[in-house]
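Sharing a structure below in structure tokens format, with a few things to ask.
Letters A, B and C mark the chains as written, and numbering starts fresh at 1 in each.
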Amino acid sequence: MGNSIIKVEDLSASYRKNTVLEDISFEVEPGSLTAIVGPNGAGKSTLMKTMLDLHPLLTGNVTYFGLPFQKAKKRIGYVPQRGSVDWDFPTDALDVVTMGLYGKIGWLKRPSKKHRELAFEALKKMGMEDYANRQISQLSGGQQQRVFLARALVQQADLYFMDEPLAGVDAATERAIMATLKELNEIGKTVLVVHHDLQTVMDYFDHVLFLNRTIISHGKTNEIFTKENIAQTYGGNMRLIGGEFQHVVSTSE
Amino acid sequence: MLSLLLNSNLGWVLLSTTTLGLAAGTIGCMAYWKRQNLMSDALSHAALPGVVLAFLLIGEKNLLFLIIGAACSALVGAFLIQWITSSSRISEDSAMGMVLAVFYGFGIMLLTIANRSAGGNQSGLDSFIYGQAASMVRSDVLTMMALALLVIFVIAIGFKEWKIFLFDQNFAKGIGLSLRGMNTIYTAVLVTTIVIGIQAVGVILMAAMLIIPAVSARYWSHSFKSMLILSSAFGGISGALGTLTSSWGSGWPTGPFIVVVAAGFFVISLVFGKEKGLLIQYIQLKIQQRQQQAKAVLKSEGVK
Amino acid sequence: MTYTAWIIVTAALVGLSCGLVGVFLILRKTAMMADAISHTVLLGIVIAFLVTREVSGSAMLVGGILAGLVTAFLVQWLHSLRVQHDASMGIVFTTLFAIGVILISTSVGNAHLDVQHALMGEITFIPFHTITLPVIGQIPQATALLMIVFLVVLFFIIAFYKEWKITSFDPTLAASLGIPVMVMHYLFMSLVSVTTVASFDSVGAIMVVAMLITPAASAYLWTDKLAVMLVLSGFFGVISAVAGFYVAAWIDTSISGSMAFATGIVFLVSFIGSPKHGLLSKYIRPGVHGRIVWRVKR
């Protein structure tokens, strides 16, 4: 596969004495929408953080567009878990979205009207235009997640990493976020999402990566999203309701 | 040397700083696991207005009353930190910083007034606040030791309960321990240790007596019990060695020497510690890397 | 200008600079760094004195800033070794402070430096050491220094406003956008150190801590806008400084202690009465059509 956008080779990572990820190698095709699934403690967030140089790499090598991370990072957008920032910070929704442009604005310059308009467009896309001047502490969890996503959109990256964007959000937000992901996907962007809800994997993602400290399986959703792979990934940590894999529920969530 | 110890005040002082170190090391280990390291710093500063108020009320420097005054004002400080943190958006470290500085400022205001009043300047209030163990007299030492032993006793008899309280509050609740009660006792013990330590090491360095031995102990053991024992041992030895060192020069302050000795133990622990010491960690990382590489090599050979 | 006026101007400058810097200390959740740096600056000043053998403003400024940076660096380093953040602070600053005190009491003697003076400051002596500047004329040395420091702080905060904002709010995002988060961190710690050292001589360590943390925390309760918070915090700093001075003059006590206490009063008023995030605001909410609706405590 010469055209893969991400290439991970022999990645491993550890927290102190414990190796949490080992022997991870995979490639991601451009324009794919991949769900990373696995039980709690499988290393999903750690994998994402290690790939983005936010957690030290024990061994291995990750390249993007054939380049090392540091050279490619301007083309990569990362949406961290919502809990990673302090929502009491004195700022409003539009301002947070504008932050996505700070890298482009450059030193010693203020965001111009044009930048604010770009940010406003992104908010509008997420259905948040009425909340542009709302303090971020007064937004609901779902609205905060949408602001985060709008901020990623405004970065205009080619590749997006999202850590549990659907965790704890309302149904409307989930729809808005998934519609946006589909849209990104249609214009050729590549998206990787840490996902916790097995029931929606089939509907939302064209690729899936089963992870439990190492890769159990990785490929097209309609080919590898099978009972066997789920059972192997989640081990005893799951039960089947109704016997159909669409209804698999992970008890660890 | 021995005769010097027995004849002079030094023996008494040595005994008291050692006991203080033991007590501070023990309670410090608990504060560490409660993630309240800098609380001790805030509370020791917050004790100042109480000390001066107690002095102004009684008009003489009686250690027990000063300690009671200090404890009251430190408790008010602890309460304020808790209240500000829980009922506003202000984070705990900001609340601690504010209580620390504002109480201390208020204390300095009172101290200036006390020093101006007749006899205030000669009262030795300053050496109480800035820590001059050598200025302690025998009755002071006895008061201090009694309180320090009480602190150690309270921790020792409830060891099991403290352990559960620190590691798993929900479980503690489940087995019928009163969290509120435990918290109250914990705060009382912490405040007592801090206020008796002030005279020996001073308001500013008291925090070090609680923090440094506890963090050092972490590098040697995973068991809470041995950590507690090690922490108090580090505290006690630092107290003794620091006091001895400071006795070499005339007018050398006790507190800073104790802290520097404790810091020495910390550096040794950080580098050579059996658990998570830098050296051990480095070796472990190398081994892990080698294993992973070996695996990779094996795999690629297998493919061929 | 009169003696009193100089003291008030000096204290107001301290309040202004500390108020501005303090906002980011609070928002970066490193309020206690103020406490740590204000103590270790003592070591820097002592070492500067030992090296140059004179009590000179510039040498001490450099020494103090270096000490502040060393503190920030050591705390960061210990933290990266997985020592809890507050524990690393506690270890670093008490140890460096202890070394400073030992140096003073063993080699320097009480000739020119003493710990108590450093902790409490002596603003009353400020107007006696003057220098002559062009345009302004005769001005107390400490006041001139604080004026320069205020301008430096103002410049850096305005110039890197958006970088401070993003590195404080979401350092991960900042890093992924190519903003050097660590450089900004140490630049900020330098600002804290500069402010601390400059304020040190006039108001002492503890007063610096009060001025760095309390006005900013008070401002945080009044507004949800960063720019407003900066202005308010500086304003609260100045108010506390002036009020503190008059209270001290009235009951004849330590000026710096009284100023620190005044910041506490400002906070208390904000904590209880702020319409946005104060205690009362939780019970009284403006209802529709501007009517006031009393809410029963849940």
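FYI, a contact is a pair of C-beta atoms (placed from the backbone, for glycine too) under 8 Å apart; a residue touches a chain by one contact, two chains touch by 3 or more.
Predicted model only: the values in this text are computed from it and were never measured.
Visitor: Is the way these chains touch best called a line, a ring, a star, complete, or other?
Guide: complete
Visitor: Averaging each chain's C-alpha atoms to get its centre, pick out the one most distant from subunit B.
Guide: Relative to subunit B, the chain with the farthest C-alpha centre is A.
Visitor: List the centre-to-centre spacing of subunit B and subunit C in whole Å, with centres computed as mean CA coordinates.
Guide: Once rounded, the distance between the two centres reads 26 Å.
Visitor: Could you tell me the distance, in whole angstrom, between the mean C-alpha positions of subunit A and subunit B?
Guide: Once rounded, the distance between the two centres reads 44 Å.
Visitor: So, what's the distance in Å between the C-alpha centres of subunit C and subunit A?
Guide: So the centroids are 40 Å from each other.
Visitor: For subunit B, jot down the residues that touch at least 2 other chains.
Guide: Residue numbers touching two or more other chains: 89, 276.
Visitor: Multi-chain contacts only, two chains or more: what residues does subunit A have there?
Guide: 16, 137
Visitor: Pull out every residue in subunit C that's touching 2 or more other chains.
Guide: 29, 82, 220
Visitor: Write out the stretch or stretches of subunit C touching subunit A in their complex.
Guide: Where subunit C meets subunit A, its residues are 27, 29, 82, 159-163, 165-166, 168-170, 172-179, 220, 223-226, 228-229.
Visitor: So in the complex, which bits of subunit B are touching subunit C?
Guide: On the subunit B side, the touching residues are 32, 35, 37-38, 40-41, 45, 84, 87-91, 93-98, 100-113, 116, 126, 130, 204-205, 207-208, 211-212, 214-215, 249, 251-253, 255-257, 259-260, 263, 266, 270, 276, 278.
Visitor: Residues of subunit A touching subunit B in their complex?
Guide: Against subunit B, the touching part of subunit A is residues 10, 12, 14, 16-17, 19, 22-23, 58-59, 88, 137.
Visitor: Tell me, which parts of subunit A touch subunit C in their complex?
Guide: 16, 52, 54, 73-74, 76-78, 80, 84-86, 89-92, 95-96, 99-100, 102-103, 105, 107-108, 110-111, 135, 137, 151, 155
Visitor: Would you mind writing out the residues of subunit B in touch with subunit A in their complex?
Guide: Interface residues on subunit B, with respect to subunit A: 89, 276, 281, 284-285, 288-289, 292-293, 295-296, 299.
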